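So the structure is just underneath, and the comments pick up after that.
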Amino acid sequence: MDISIASLQGLSYSYLEVGNLALDGIDLEVQRGDWIALLGGNGSGKSTLAKHFNALLTPMQGACFICGMDSRDDKNLWEIRKTVSMVFQNPENQIVSTVVEDDTAFGPENLGLPTEEIRARVDRALKIAGLWDKAEVASYTLSGGQKQRLAIAGAIAMDTPCIVLDEPTAMLDPQGRKEVMDLLKSLHDKGTTIIHITHRLEEIENATKVVVLKKGKLVWRGTPKELFLRQELESWGLELPPMVAMWRELAKMGTIGQDVPPETERLVQALCQSL
Amino acid sequence: MSISIKNLTHIYHRGTPLEVAALSDVSLEIPGGSWTSIVGHTGSGKSTLAQHMNALLLPDMGEVVVDDLSVSSKKDLREIRRKVGLVFQYPEQQLFAETVKDELSFGPKNWGMTDNLDDLSEKVLDQVGLDRTYLDRSPFKLSGGEKRRVAIASVLAVSPSYLVLDEPTAGLDASGRGYLLKLLNKINNSGTAVVMVTHDLEIALDMSDRIIALQLGKVAHSGSPRDTVLYMSSNPVPGLLLPSIADLWVKLSKYGMEIPFSCDPSTMAKNIDEKRRGTKK
Amino acid sequence: MKFLDNMSFGQYVPADSPIHRADPRCKIVSAVALITGVFLVKEPLGFSSWIAVLIFLSRLSRIGIPMMLRTVRPVMLLIAFTAVINVFFTSGTPLWEMGPVSITSEGIRMGIYMSLRLLLLVLFANLLTLTTSPMALADGIESLLSPFKKIGMPAHDIAMMMTIALRFIPTLLNETDRIMKAQLARGADLDRGGLIRRLKAFIPVLIPLFVIVFQRADDLAVAMEARCYRGGGGRTRMKPFIWSWRDGLSLVFVIISVVVITLLEGRLKL
């Protein structure tokens, strides 16, 4: 089995023929089983990059290979979309059908699968997404978190090895955010490769790789832990989770040792001992 | 001067099998000039409450009084709507005019305030951190954050005494959120009361004088940020997560470490550090 | 409030009933037959028979009469208007006269019948949309239209457009509600003045709504493409139609009742 899911090589893209590059020379390797956190502020180009993973956009310069298939070659289009599925920011705008299970079936129906296969995929996807009991419900009665889980169920039903999610929690309340993040965790545990676009550093703890975009350029890559120690976060349009920010200040002032992790229990322990 | 709500009840779908009380017997007071945050889970009734404050919805029972005007008096409704500016969620979606200037003068014209519209537009643009070069631009060609600020400015244009905002930071990135909160703080400091409706307890704790927590259409708690944290640490409100720093503060105090409360990471770090120095001396 | 709005436009209400389970093609043809039937009757007997059929069917569908009646609200004005027009503009034996205006007994009858017809039409049509999911409805229409594909009718596209339109009705109603409230909060006056003034006052609601609709359409198109949608070719269905003997029987009953009610009324009149 090929280990590479996506390989971006000097990828550049511009929405206009001439003018600013939305993406400028991106090099990135995504491997099977990765959870890539793709970070950046508004206008960093992260959504534009997301659309390259399943050939909704194709590079103007450089190349994008999905499981070895060149996305610029039109005949690879449908194979690529069978390899990488996408979930977008606004769940409301990606639900096609009024009934939950009908919507989940939309993708597999497009693939021309036999009826029984579609049914099996839909049932499985709804169970994973925790919407099994809502299968026959009208989608407009769902909460925000449930709607986004429905959108993710639609991607699960495509049975792709990789799912790209473009700020899936941006429009949700804390409850909905948690539901979606828990679902991503369980998908990753099942072996799905996750490419998660976000600007919330609270959501990257499970990422295996972190990539930061700024003005179309890939400016940093590393692990979540390494990211938390960077000084440039603010200029990247990112903000540390408050707990980590406080932890960093305390460590700087020498109130706690560098070895204490930014976790509540451990911090409380360390602080009680030091005072 | 205040928005005073007494025993407010609001029922949706009255007389149908779907009848549901979005608000039941809610009483509260929003003092002029203050920053009050109304927090609650989706469906707690917080947006319904916001719409009552400027008479977009009218009480099924109870009373809403803004300064000395009551919503029960029909002729006062327009003045109440002027006094209490209401900014909906994603307000950038309500923009419609050809230029920012037209957008900003929409409200004032509706209320017959036609004097010095240019000066007024410039003034409110300044309040949201945009300069006069924006006046002749199309609101549809601005960036997302700028659009939202123009939408807020268009509500400020009729000089409300109270500014009610429903999830003003939704969908913004870290820098956009920080900047908007700073602007709101400035607006608040210049005397306009801010009422922020949000499910983000972290922002509410950081910015507010007072917090009102709603749960299933009832006031679960109201008090200072510090009191709210203490209350919620022992009475969790579903759908509202205690921010990590507040949680840490509660746990430290359980171990007998009394530290002045703050939800701001660096202030909190400073407070902890000072405490350490204090004990060492 | 939101949920009610949805219902009032005849949005699908999932439930388990013989009508819900029926093949959508059977339901579509039946609805067309019933509506034709409604337009064929001219006498109290005919109308009361159709009202009885409607009551029977709505019971059977578990939707219930009160909920059904709520779906008529948006067209109530139109129905009232029809009634008034007929009352005043049908010639016959005058009951009451004032200048050029007169009310005739024929007018009153005509007014009542025309509005009853319209009412029954809307109710039968809504019975279809209330009990049939948009996806099934669209697939049913596509299947019924498929013979016309040969002469170039884009049956699939028509059906997909319908599905999406129905799917987005609740969303857009919510948006309209929110934008209207937002502009009211900015002092807009949406319900004062004459027709022209009111239309003008709606510009601040309509423009944002258009922007939102186009944005949504754009997003949806991208999302559908990402899910491998490329038109009707090669698509399969999770819920293929199975035309059962029940469907055949129901359709036969519907058609028989149309014929019987029409004939019976004609006979009695003679």
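Order of writing sets the labels: A, B and C. Residues in every chain begin at 1.
Rule of thumb we're sticking to: a residue touches a chain if its C-beta (ideal position, glycine included) is under 8 Å from a C-beta of that chain, and two chains touch if they have at least 3 such contacts.
Since this is a predicted model, take the numbers as computed values, not measurements.
Participant: Does the chain-touch network form a line, ring, star, complete graph or other?
Facilitator: Graph shape, chains as nodes and touching pairs as edges: complete.
Participant: B-C versus A-C: which has more C-beta pairs touching?
Facilitator: Higher C-beta contact count between the two pairs: A-C.
Participant: Nearest whole angstrom, what separates the Cα centre of subunit A from the Cα centre of subunit B?
Facilitator: 31
Participant: Just give me the whole-number Å value for how far the CA centre of subunit B lies from that of subunit C.
Facilitator: 41
Participant: Would you pick out the residues of subunit A that each touch at least 2 other chains?
Facilitator: Residues of subunit A never touch two or more of the other chains.
Participant: Where does subunit C touch two or more other chains at once, residue-wise?
Facilitator: 3
Participant: Where in subunit B do residues touch at least two different other chains?
Facilitator: Subunit B, residues with two or more chain partners: not present.
Participant: Along subunit B, where are the residues that touch subunit C in the complex?
Facilitator: 12-13, 16, 18, 51, 54, 56, 78, 81-82, 85-86, 88-89, 91, 93-97, 106-107, 110-111, 140, 154-155, 158
Participant: In their shared complex, at which residues does subunit C touch subunit B?
Facilitator: 1, 3-4, 175, 178-179, 181-189, 203-204, 207-208, 211-212
Participant: Inside the complex, what are the residues of subunit A that reach subunit B?
Facilitator: Its residues touching subunit B are 41-43, 143-144, 170-171, 173-176, 199, 234, 237-243, 245-246, 249-250, 253, 255, 264-265, 267-268, 271-272, 274-275.
Participant: Spell out the residues on subunit B that touch subunit A in their complex, using ranges where they run on.
Facilitator: Its residues touching subunit A are 41-42, 143-145, 170-178, 199-200, 202, 239-241, 243-245, 247-248, 251-252, 255, 257, 263-266, 268-270, 272-273, 275-276, 279.
Participant: So in the complex, which bits of subunit C are touching subunit A?
Facilitator: Listed in rising order, the residues of subunit C that touch subunit A are 3, 6, 11-14, 133-135, 163-164, 166-167, 170-171, 215-216, 219-220, 222-230, 234-240.
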